[in-house]
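Take a look at the structure below.
Residue numbering begins at 1 within each chain, and the chains themselves are lettered A, B, C and D in the order written.
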């Protein structure tokens, strides 16, 4: 960080408050903590967790300070956008600049990540208490936190990409944390490679952007790539297929985002990622990392929406919307037929991410981000609840072997219920309702067709359904698991309670009556007034979604409510519609499809390459080798018979000469000194002669 | 009036010098000062011997010399006469020349040290720009005379004593120098006169003596230790440890030469404590602004005598170190501490005025001293003396 | 004869004496002493030249002398250390007998 | 060419001669100390106070002591049976003489060219210190390094090897 600091002093454009200047500390602290923890010995558990939590807590404080700064600026009516940029290295003449930014988007995200992260850290101390690699776990966790925070504050696409990849790495490490489990190792690899596919496109987009605008900074006093003139330039330059460069780059970046936050073609890794420890699933695969994709899109929203007319849309946004919507429905469908408690949540996460993307595409940054924030809380809540359930049922993950936990673990039940209601969007009282409602509303008003709207409504229905199913499987009926279920320790339930509170409370910030969040992100003063409800169709819409959700609950309860089916017997829905069920429970064969196409192709290609190696190249090498062997034999023959003789003679001569010379070396110091002195005399004499003559 | 009293010796000198032709005047001036010095310090030496003998006597529940003159004041006179009239024995096997030269060299060298000490306002023989360096250079050459004495008398006790003395002086010369370098760093001059003047100023009537600063105090402690070792005073008097080697390097000396050695040793004490006074205790400056009316030289000499008395006191109090303890102490404790002190002095210089630097410097010094002292004690390197062979 | 020439002559004489000592004595330590003398003669030269140089305030010669004094100290330390080590091996410091490096 | 110079020169040269001719090694050491002292005084007489005192401090204070220590450690004080001069002393003497003649000749040749009396340079120790810390800081550092290395080296070399009786 040192040279960063200096660079900042020299950087000509630094407009930042004190917090803006030290913003880099927020990601730095956890990373440093990770570094220290990495050096700790295994038994130093207390110290390790203490370091991780402490550093993240400090980051949280700093984030709050940053948030306050932004809030103050916003309250006083001028948009806060503080950037600190500095040249990192120079290609030819154009410097590659890094930098960080403090604006409402970043501030909100910072607070969310640090806060949820902190809770999850605390939770993990309880959840991982019996793991012998406790310290390693916390090292990875806080490395992840640091990287994620880096993504959040990055003001340069390059810096963002670095942290982005770091996040990918840590996610790989954490998914494969129990690497002795083959499934975990496989899942880790899968996650890593799948996200890589997206990242390739992302990188292409970055390079292209750099080629187009000559900078990777988002905002830089008008010279950044997200600022009007750069955008105009990109809009002007065509990229074939009737796309402007802006659109193309936007799509490429979106590919990266899709990979990270499991959008449709690249969603396969996310469910498998549930092999990792549950806190990891909660932190990475529900709250933060998967949200990184959404955040990225929000960050580059100006690019996405470049050249949009009021009320209109752009190609990029359309793509985002459709992919988001279809992901939402698709994943929700699959979630219906899963039996692993965490997989259900995973698919629900995927579908919720779809919602966010759709929200971004339809209603802009505010809508998507609001759902992101609320979702982060209640999904983290759900995952940690699931973790607590698994913990309580002795590492049992199959919902069919649970049930009736309502009695055994009341705290978890309460928290889980809150999370479930929030996720399904139970009217009025839960944040999920408002955030989802905002998305639906913007979908309803979308000019380019009603398709997404209906898909999203259907998604909501499914969400309600599968959550009901899960609830009744897990908490109702009577206990079908082995052993004896027990409530989790306080250190695990406390975070649940806190998260539950926020899962409810956050909704206040986004009601149409007081759209604080939206106006905060879009730098408009927020007003309180029920006038917000008077928008045409809004109330109707709310009623519709309520009704839909109610239907979902109803059907779910009708099918699964309070009955405790044995693991052996077939699922209720399966009885109803077997073929669909099989399709769904096999995750619509996406993995199989990939296996049959891409992976098979890779196998074939590998075999071809292998054959080439063995036959063609190998043969060539062998031939060369053989030739040299022959040559060497020939040389040896020459040496032995001709060269050596000559050498021996020479050596004898030399040794005789040496003997003669050795006489001079009497080994007496004074002899040498004498020679030295003589030499001095001679030299001096010569000098004088020359100087006189 | 006070001024004339203060400058009385200077005025006297000028008055006498005025009687000589211009060409000779500088020479005469120097000669006068030299004579004054050579007259003063042996007198002090005589006085000191009495003080020492009586003081030590009291410390050991004896009365000490009390026959010659009132309270034995005239004891030194008696001693002098005795040593002058004694036969001067030179061992047959001894190396006559060296044996003869050694004491002379010692005395001369020791007296030379006084040339740069300012014994009062304008009362120094020469104000050398490199006064301190001169002082140490001269002091360094005293070692050689001791070696000569020890080696020339062809006596194993003498040789051992000389070797011990030389080794000890060499090892303690380093910390001695180092502890004074801090002063030089702060004053920015090697000239003792300048150093005294730098200390001769007062705030709220209190003097700016260097001993009243953290680093100064630390340096003073180190200086005292090193000085005592340098002058072979107990507890560092191994070279003449009566119990081990009869009288160290001057075992084979008798009569006047012995007296010369004695003189040399004490005058060495005077010069080194004079240096200490000059460097740390503000030389001839008065301890309080109000006391400035008293002549400066009184202050100087009283300070010197005071430190001499302290030395005697210590001699009466502390037991003798063992050789290895001595060396370890020098190289493993005193030297590092003086080095640290240099650092602290630099800090002091650059932290500028204010209470802060007091806190910081004292904190550093105290902390390190405590820590190092503790660890050393624990490692029994310079721990309390262990009577390994006496039990 | 200028004063500088006088100093130079003295220096040359001392140098020669040192050299003679180094060349003629058996005892290794005395050889070292001779070398020390030679070094000192060189120092005297430096100082003398500095003193009578057109710009003494530049201090070059004096600095040179000071540095060479320092170096000489190091040289003496190492040299005597070597002599002692040598003595411990060969039990003599007589250079005529120490010719193990003989070719 | 004042009288002081001549006295000092004579002292120096004589004690130098004594140092290389005396039989007893310790006497040689003491004599060489005298030579060092004479040279130091010459330095002082050349208004090079600092160098002079440094000379005394280093040579009389340290080197001479080192030498006598070395002598005593190597039992060098008792004069060897086969004379103190090496077999080839004559050649050595000749060469030394040759060196002196060449040097002296050089001096004499250039004596005319040498500068005469010039103003006494007023060099304070402070200036020297500034020079050391400023223009000559690199040499200073290097010398410091050298001294450290030399000290370690001397200790290592002179140290008793393991197992060897002390």
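Keep this in mind: contacts are C-beta pairs under 8 Å (C-beta built on N, C-alpha and C of every residue); 3 or more make two chains touch, one makes a residue touch a chain.
Note that the structure is a prediction, hence the values are computed from the model and not measured.
Comparing the CA-atom centres of all chains against that of chain C, the greatest distance is found for A. Centrality by Cα centroid goes to chain A.
Averaging Cα coordinates per chain places chain C and chain D 5 Å apart. Averaging Cα coordinates per chain places chain B and chain C 34 Å apart. The distance from the centre of chain B to the centre of chain D, with each centre set as the mean of the Cα atoms, comes to 29 Å. Between the Cα centres of chain A and chain D there is a gap of 74 Å. In chain B, no position touches at least two other chains. Shared interface positions of chain D, defined as residues touching 2 or more other chains, are 50, 54, 62, 69, 86, 88, 91-92, 95-96, 99, 103. Among the residues of chain A, those touching two or more other chains are numbered 670, 674, 677. Arrangement of the chains shown, judged by which pairs touch: an irregular graph that fits none of the line, ring, star or complete shapes. Contact between chains, per the stated criterion, is found for A-C, A-D, B-D, C-D. The touching residues of chain B, when paired with chain D in their complex, are 95, 98, 128-130, 133-134, 136-138, 140-141, 143-144, 147-148, 151, 159, 163, 166, 170, 173, 188-190.
The touching residues of chain A, counted against chain C in their complex, run 661-670, 673-674, 677. Across the interface of their complex, chain D is touched by residues 1-10, 12-27, 29-30, 32-34, 36-37, 40, 43-44, 47-48, 50-54, 56-57, 59, 62-63, 65-67, 69-78, 80-85, 87-88, 93-96 of chain C. Here chain A touches chain D in the complex through residues 670-671, 674, 677-678, 680-681, 684-685, 687-688, 691-692, going by the rule given at the top. Against chain C, in their complex, chain D makes its touches with residues 1, 5, 9, 12-13, 16-17, 19-20, 25, 28-29, 32, 35-36, 39, 42-43, 46-48, 50-51, 54-55, 58-59, 62-63, 66-67, 69-71, 73-74, 76, 80, 82-89, 91-93, 95-97, 99-100, 103-104, 107-108, 111, 114-118, 121, 123, 127-128, 131-132, 136, 139-140, 143, 146-147, 149-151, 153-158, 160, 164.
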